[in-house]
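Residue numbering begins at 1 within each chain, and the chains themselves are lettered A, B, C and D in the order written.
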Amino acid sequence: MGPDLEERDAARLRSIITDLLQRHDTSTERAEVAAIADAYGTLSDLGRVRFFAMLAREFWIDRASVDQSIAERQAATDDRTHREADRALRLALTPRSSRLLRLFTGLDFGVKFLVDLRADNLRLWSDPERTVDDTTALNEVGLELRAQLATLFDVGLLELRRLTWATPAALLEKLIEYEAVHTIGSWTDLKNRLDSDRRCYAFFHPAMPDEPLVFVEIALTSGTARVLAPLLDATAPDLDPDRADTAVFYSISNCQPGLAGVNLGTALIEQVVEQLRHDLPQLKTFVTLSPIPGYHAWLEATLRADDLRVHERALLPAAPERVLARLSHHAWDTDEAIQPALVALCARYLTTIRDGRALDPVANFHLANGATIQRINWLADPSPTGRDRSAGLMANYLYEPDHISARAEAFVARNEVSMSSAVRDLLS
Amino acid sequence: MGPDLEERDAARLRSIITDLLQRHDTSTERAEVAAIADAYGTLSDLGRVRFFAMLAREFWIDRASVDQSIAERQAATDDRTHREADRALRLALTPRSSRLLRLFTGLDFGVKFLVDLRADNLRLWSDPERTVDDTTALNEVGLELRAQLATLFDVGLLELRRLTWATPAALLEKLIEYEAVHTIGSWTDLKNRLDSDRRCYAFFHPAMPDEPLVFVEIALTSGTARVLAPLLDATAPDLDPDRADTAVFYSISNCQPGLAGVNLGTALIEQVVEQLRHDLPQLKTFVTLSPIPGYHAWLEATLRADDLRVHERALLPAAPERVLARLSHHAWDTDEAIQPALVALCARYLTTIRDGRALDPVANFHLANGATIQRINWLADPSPTGRDRSAGLMANYLYEPDHISARAEAFVARNEVSMSSAVRDLLS
Amino acid sequence: MGPDLEERDAARLRSIITDLLQRHDTSTERAEVAAIADAYGTLSDLGRVRFFAMLAREFWIDRASVDQSIAERQAATDDRTHREADRALRLALTPRSSRLLRLFTGLDFGVKFLVDLRADNLRLWSDPERTVDDTTALNEVGLELRAQLATLFDVGLLELRRLTWATPAALLEKLIEYEAVHTIGSWTDLKNRLDSDRRCYAFFHPAMPDEPLVFVEIALTSGTARVLAPLLDATAPDLDPDRADTAVFYSISNCQPGLAGVNLGTALIEQVVEQLRHDLPQLKTFVTLSPIPGYHAWLEATLRADDLRVHERALLPAAPERVLARLSHHAWDTDEAIQPALVALCARYLTTIRDGRALDPVANFHLANGATIQRINWLADPSPTGRDRSAGLMANYLYEPDHISARAEAFVARNEVSMSSAVRDLLS
Amino acid sequence: MGPDLEERDAARLRSIITDLLQRHDTSTERAEVAAIADAYGTLSDLGRVRFFAMLAREFWIDRASVDQSIAERQAATDDRTHREADRALRLALTPRSSRLLRLFTGLDFGVKFLVDLRADNLRLWSDPERTVDDTTALNEVGLELRAQLATLFDVGLLELRRLTWATPAALLEKLIEYEAVHTIGSWTDLKNRLDSDRRCYAFFHPAMPDEPLVFVEIALTSGTARVLAPLLDATAPDLDPDRADTAVFYSISNCQPGLAGVNLGTALIEQVVEQLRHDLPQLKTFVTLSPIPGYHAWLEATLRADDLRVHERALLPAAPERVLARLSHHAWDTDEAIQPALVALCARYLTTIRDGRALDPVANFHLANGATIQRINWLADPSPTGRDRSAGLMANYLYEPDHISARAEAFVARNEVSMSSAVRDLLS
């Protein structure tokens, strides 16, 4: 099959799919489903766009049959027939491709295939070169894929596993690959992150037992960590875990791009906190040390637009443009004078809500999970990345088990941002 | 909470569910979902019916919002808005309780809870004492449950395991409990069924790892078994599996009533045949030795109605009523004269289709799986149960890997029954 | 090879062994060692006696070379040469067959072969029909085997495993087979002994992972059990293990006759007590409920000989011969009048030491392990076996972790029997 | 306790050991044994020498009791009493410390403790600064330790495991640490050595499950590898294992210095060959590519002494001293003229036996295992180490399953060296 899915090849694929979806539900479909998956694997990006477009256009909803179901529903006279008509209409609105996508699950590695299919779909969809029609088609299939993946990756089906230095190397290698927050530089670095005073947990799906889905790295400390460096220092002495009073969640990384929009991190934090409280009952504090990845860009825009509040302006050691220049200076990390303004503006940034979401994606994640913004730390991550994204700052988000539920609901339902009095003081 | 869910208790449950479904998707729902599951567990049958009715009536589809979605759909002007309207309408048609049911999955043992909820629902639904309204409500929730279970128990998520005498006793005990075709009388009987010339396979779900879902028992033989007794004889010598040429599937049992209508047997047979061909490549024949559970009742009705074809009547050794009497006689199993008629009528019974299904449920299962009716065996199961249900007959259904796909499709799509020439000869 | 090892066959075996023992230590011996093991497997009892005799006579110690080593030792002039001579003499005294026996270990199932070889050896040795010479030969090889097995089954190499109802049926079946104290009547009985308020632990050897070596059955109770019946009652309600304060060891069984004389029970009790204290810290009392298997025979002899102390005679309700008759009566278990004498005499029996060992083998085992005799219980086991062996009595031996070490040493080194004041009172 | 075991501390240790060895065999010794092991752990090297000396002097053999046993033996009159006397004498010759050493096995990690104790013993024994008396004492205890370890590490108790990239990182890390032949430079290098066309096997002891004892690295190739570089090249493409015809054993490393003198490599090669023949039946050739570590030193001595045979001298391109100089030249590896003489002399080196052993330790190992010297390869390992130890040469030793046994025996018993005709031709 040509990689670009020319019409002749497309016709063959179309015929297999047509045949498959006409079939009744018998045991005989696997070979054909596998043939479609194999064919997909050989396609170029262009071919894949055409494949998705074929699904969205030719194997989607039969509008005539929807219209007919609507008519029948309007003719329903009693509750029972009304219910039947509702069900029939819902069925008519279920895309025919939906069944094809579900059939992939039954293949060996079929669940992984679906995850990768979604990753492809997202990547192609976000390509600005696509035509409007292709983008619509990609979006249509993508939404269906996400819905199916959300069901397949229901938290009730996932397994929480602790990863240690005794975990198979082939799996640990994936942590190095997927760590998105603070790059793992070497196996020595990795080993340090799995020391006796560290914890690492990941979710796994039973059909992809060797693939972590999302993982969190934790340091057990005495008191809350305010800066990153000691946590990543492989030469620092280990703390006896039984003497730790605090668990610092310093990195959460998603491993499967195809699961974007399927929230696994929330349940991961919830279950890990539960696990840690069970294993180490003397732990009192569960807190993150998190980057503020959108802050630098927001800061730049805010300063350039001179969109400052009175108390913020009072903290500025120089004209807004100068502050940006000083932040770009190679010795910025010794420029203590800019600290008060940067921290105060960061408090505003972290607590600003737009369209029901916190501006900062990390803040939004933790606030929606029920955390409170506890502290903003100057020079917490002075690495180049830390400066360019977070202006060198990091935030502690505090998870207090007794308040998680109420805070999450308050944030999600009413956009109420929970913060410590220290952070609140920064706002005025 | 009172077991019958009086209105005061119902109000409390209603309030929790309302609160839960109003919530946004956060991490804070588990406690409330668990509270609902716990409350359900304490209810009497009457209370459970009321619970299902509450779901179907108060947490189902908002028809006004469906109507509005239909209106918006009719206003759609281009493909993109039409697609959006379709999706919105489909969403409006998704019962609100659907989300509640999915939330149960996230509980510990939540998957098992859903399976048992469905079993309850089916049991209550089939109770002839229910009012029409309650039956409608039970059916509505039951269909939603079945759909969710069909997704959760997708074959791609199941694990095929071989069970042997080295399997945990706690699990083997469940085979004794669930074996539905040929009762396992003792641990000695069970051990015999797990001997070196036997195979037993079951499907498991990762969230219920100690609960078999469906299992099949197989005897490795030299030549096709025509009668049951030697297979169940614990004192028979074992055959060296490497010298067997035939695998006889003599029992398939579903273990979870709540999964009724979720077809797992077909995939089980398919995967087991694949496994056996891999492990024992010298196996040539894959065949069942199956009961014919509806035959006796059909035979009685047919003889009483004198609904006989010419060649059948010619085989009768006496008047139809007399044949029935002779079959009831204590020495019926020595009455060779009735054999030809009983076998010939059985061939008609097995091959009769009504409403797209074979009359006999076991025949329907194997024909839909792509098997062919190979042979009908006289006195294959002369036990009281065998006589009362199958008139002492058993059938061999033959699975020929190269023909399974075509036969299944022919049967399901066009009601074509595949049979050997020997069986065909019995029909005329 | 003929089963009785006629001289022609013996010559062949002799030649293989000779060849093997002449060989240097290379990788090439396995096939020959396996040939010897296979040949042994085909031999009759007579053949096996001849095999052991061949080892003890033809592949044992070369006395001339011992004599020479002694002479060289006497010529040693300094410490170094003296040490060398000691080593050489020790080597000369090591039987040549010792190496053959060790080579068996390297075979697949070789460790099990050695265990079974020893079991054979013991069985043949205890046969009164053997000639003196054969008995001497069997004993010689048997002692060497025991020494090698004691090394192979060093407690440091064994694995303690808890057995539960989730243990493979093939392994649980062996508990039924090996239980020597209180027969397991059925799988239902077995399941009862693995309930939530029971514990069962066994030692395993890594080279025989499916074979329990010795196992102990424990009931978790509230207070010390005085009688057996409730412990074996499958219908008795289960106790919540967290509410138990006592662990009653009511059965210890060795599974491998070939390990006679290799004491595993002591370490088993020690490790199990440690495990239970860790898992269930609220347990306060570790006690046995044990048979007194030699009591009835001793009682009979003692009464017949009229070998009674004054206070014992005072407790007799009738003449000694009459007491024996009343104990044989079918309603003996309602004959309360004989109780005081039987209990008092039992106290004497349990505390009598002869040749450094307690008369009663069970008492000797527990006293040597550091237990104290806590109580003697009337009608504790009124079963026929209980009457015929223990006169219906059972004893509680109490293990007090803080005193185990001192009591064991006092018993073994100085024959001091530890007992409660209640038992002591029975003695006078 | 002071680290040097001053007399006051020694007295305490002496008292514990005395007490322990006086004890009878009860369950009460673990705490004291652990106390001795802990005390040992805190000792300096000087303290450890004193500890070993104390064992060898104060807890060894009671010569008076040996003398008495000898006297009793001489008085023996018949076979039975003679046998008894032999056993008693052997027992008297068993060092009292032997029991102490065996007791260590019962500790947690006791087997590892014994292995490390032996490693210590060897290290201290080989220290030239020791006094003669201390050396004698260290040797005495060391021999007893080796004998006990040889029994504990009997091949029948070991487990062969394949190591792959899916093996726990903590274990793979040990391969990096222990690889003695060709250093593993990085995790990337390690991953290459575990690729699909590689195999790595190790022996493990059940009481030290995370510690490899000895491991072998194998490359699956098409044809016999003559040079090392391609085997260590991480960028070389992988071969499909099913297309390989040859298994090249290119590295065998012992991991436990304390097991020196306990031959595990022979059984490892034997079992790995068996495993590979089972898994990959198309493999035809099992061959090593081995260093010749003593060659360069021997060559230098031989050339300096001008100890040359006629045909060897004829191959020399220059005076013996010049050849050595050219081998030291930085461009030696392009000096083709020296090859013929170096290869011919190497053939002599490899086949020279002294005191029953091949001069080269690697050659001796493989010849004793039953291999044949197949080929000597010029520039097979031109690394600095390869030049300095093996003059850049490597040897192929060929294992032919059908001849292994006879060759091993011929070499060990009669010093016959098996070699290919090509190698033989080099000798004259």
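Here is the rule we go by: contacts are C-beta pairs under 8 Å (C-beta built on N, C-alpha and C of every residue); 3 or more make two chains touch, one makes a residue touch a chain.
These numbers come from a predicted model, not from an experiment.
The minimal number of chain-to-chain contact steps leading from chain A to chain C is 2.
The chain pair with the larger count of C-beta pairs in contact, out of A-B and B-C, is A-B.
Chain geometry summary: the mean Cα position of chain B and that of chain D are 62 Å apart. Each chain gets a centre from the mean of its Cα atoms; for chain B and chain C, those two points are 53 Å apart. If each chain is reduced to the centroid of its CA atoms, chain A and chain B end up 39 Å from each other.
Residue positions of chain C in touch with at least two other chains are not found.
All chain pairs in contact, by the document's touch criterion: A-B, A-D, B-C, C-D. Remark: chain A residues 164-173, 187, 191 touch chain D in the complex.
Across the complex, chain D is touched by residues 23-28, 30-31, 61, 63, 66, 70, 79-80, 82-83, 86-87, 89-90, 93-94, 102, 104-107, 110-111, 132-133, 136, 140, 143, 151-152, 154-157, 159, 206-207, 263, 266-267, 269-270, 368-370, 404-405, 408-409, 412-413 of chain C.
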